[in-house]
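In the two complexes that follow, chain A is the common piece, with chain B as its partner first and chain C second.
Here is the complex of A and B:
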């Protein structure tokens, strides 16, 4: 039952991505990108990953606000060049392939509670005792695999630094 | 509330006055209870940043310039990053390894309570401060930055 719902959601996500490509108005394509993100968060929730679902919803809201603000501020709304038939057909074929791969990957996912990696049973058995964190995801992120979190924080820091430096108002020597 | 010139309409402003505190409080809850319930530093930090962005969208840039000038925002972001690394370094001296959970090793604490996490809530708060200040700074920079066309430059030069 859950798998059928996820198949339908994946199909709708692909449709929304196609609409985002083909829409003539920039604002409507931004809205359909938002639809893709929200359906992805529902998929995460159905796959029993609430941590990722929360992050997906929040980040989607933030990026939608930034994108809508960016598209409203720009005067050019309409895309004048209408797409031709041949690129559209290639796009449809690639989307169909993507859907087939996604549904195949859904079938190959391990059942809830079964694991593929060898360290997973150790985390599940000793995570609460060794780190004191009831949420196993947090205990992995901030204790067992904290190096990854440090790297992620560094990447975010560098990205923000780049945005602030490149978009500052006045050049210093000007 | 008395300044009607900047920002959106009066209805939007009064609704935001009611809502923004609750959004910020929800972000704090997500951060502080990240080791007990789903969530964590990143998600909570983004929610807190969204509450500030709500203030900025509804009340205009001047309100957030008073609350969070750029220097204070960059200070908060750098403080978050330094706190995260400081927790990791303290793990070397007191716990025997980089990112060792030394507080939990020493004091323990009953599971499923707030104080059971050791250094994990501190790391969550550090990441939340960093993400909150950083994403708000990115939104501030992206929304106040404007594309200047050549015609505008020539106009302003003529005016001078």
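Here is the complex of A and C:
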């Protein structure tokens, strides 16, 4: 039952993603990308990842705010769709080729719903004892792999710094 | 099969990056790809009839061990989602600056205006 719901939601995500890319109006494509994100958060919830689902909702709202800030400032919302045939055809052929190789690789993956990584049993068995956190995801983020989180904070800081520098109204020495 | 659907989502994002001429559409392609990759990692960690990796008082350790989903991809995806937001903000900032400079989001027109 859960599998069927996940399949249906992913199909809707595919549809919303296509609409987002093909819509003529920029605002409506931004709204469609919001639909993709919120459906993704429901899928996360069904895949037993509540932490990720919460984070995904928050991040999706912030993404929508940022994207709407970008599109609302634009005078003309409509996208011109002039498409030369030849480059488009080459692009599609390349994508198709890549897709064939990638789907071959997908056959090598373990079957859906049966795989557990090798380190996971250790975390699950000793997480509560060693870190004192009942939520094992938290104990992985903030204890076992705290250096990753530190690196994440650095990347976040750098990216936001770049955005702020780009959007600054005026340079110091104009 | 479910991995293939995820792969199709990834390729829709890739198509957006390759074939679209509007900067905002390219950013949307990036977001779709990012969502697909996150979904794929969480799908890999799923276990049939699993429970969330959160201990409760009434739960014995061995049954928790037998039924919990993989916590490691969840922890790393949490990191990657947040980084994705920051990168999106950076890309949108670049796009807004380009719009203010050239008055358009269309990358072909920007190329024409350069010379």
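Basically, the second predicted complex is superposed on the first by the 140 of 174 C-alpha atoms of A that agree within 3 Å, B and C clash if a C-alpha of one lies under 4 Å from a C-alpha of the other, contacts with A are read in each partner's own complex, and residues count from 1 in each chain.
By our rule, a contact is a pair of C-beta atoms (placed from the backbone, for glycine too) under 8 Å apart; a residue touches a chain by one contact, two chains touch by 3 or more.
None of these values were measured; they are calculated from a predicted model.
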{"item": "Partner chain(s) touched by A:55 [first = chain B, second = chain C, both, neither]", "value": "both"}
{"item": "Partner chain(s) touched by A:137 [first = chain B, second = chain C, both, neither]", "value": "both"}
{"item": "Dominant toucher of chain A (residue count), chain B or chain C", "value": "C"}
{"item": "Partner chain in contact with A:66 - chain B first, chain C second, else both or neither", "value": "both"}
{"item": "Partner chain(s) touched by A:156 [first = chain B, second = chain C, both, neither]", "value": "both"}
{"item": "Touched partner set for A:147, first chain B, second chain C, both or neither", "value": "first"}
{"item": "First (chain B), second (chain C), both or neither touched by A:28", "value": "neither"}
{"item": "Contacts on chain A seen with chain B and repeated with chain C across the two complexes", "value": "50-51, 55, 59, 62, 66, 69-70, 73-74, 128, 134-135, 137, 141, 149, 156, 160, 163, 167"}
{"item": "Interface residues, chain A side, partner chain B - complex", "value": "50-51, 54-55, 58-59, 61-62, 65-66, 69-70, 73-74, 128, 130-135, 137-139, 141-143, 146-147, 149-150, 153, 156-157, 160, 163-164, 167-169"}
{"item": "Of chain C, residues touching chain A in the complex", "value": "1-9, 11-16, 18-20, 22, 24-25, 27-29, 31-32, 35, 38-39, 42-48, 50-56, 61, 64-65, 68-79, 81-90, 92-97, 99, 105-106"}
{"item": "Residue numbers on chain B that touch chain A, as the complex places them", "value": "30, 34-43, 46-47, 49-50, 53, 57, 74, 77, 81, 84-85, 88, 98-99, 101, 104, 108-109, 111-112, 116-120, 123-124, 127, 130-131, 134-135, 137-139, 141-147"}
{"item": "Touch list for chain A against partner chain C, complex", "value": "3, 6-7, 10-11, 13-14, 17-18, 20-21, 26, 29-30, 33, 36-37, 40, 43-44, 47-52, 55-56, 59, 62-63, 66-67, 69-71, 73-74, 79-80, 83, 88, 91-92, 94-95, 98-99, 102-103, 106, 109-110, 112-117, 119-121, 123-125, 127-128, 134-137, 140-141, 145, 148-149, 152, 155-156, 159-160, 162-163, 166-167"}
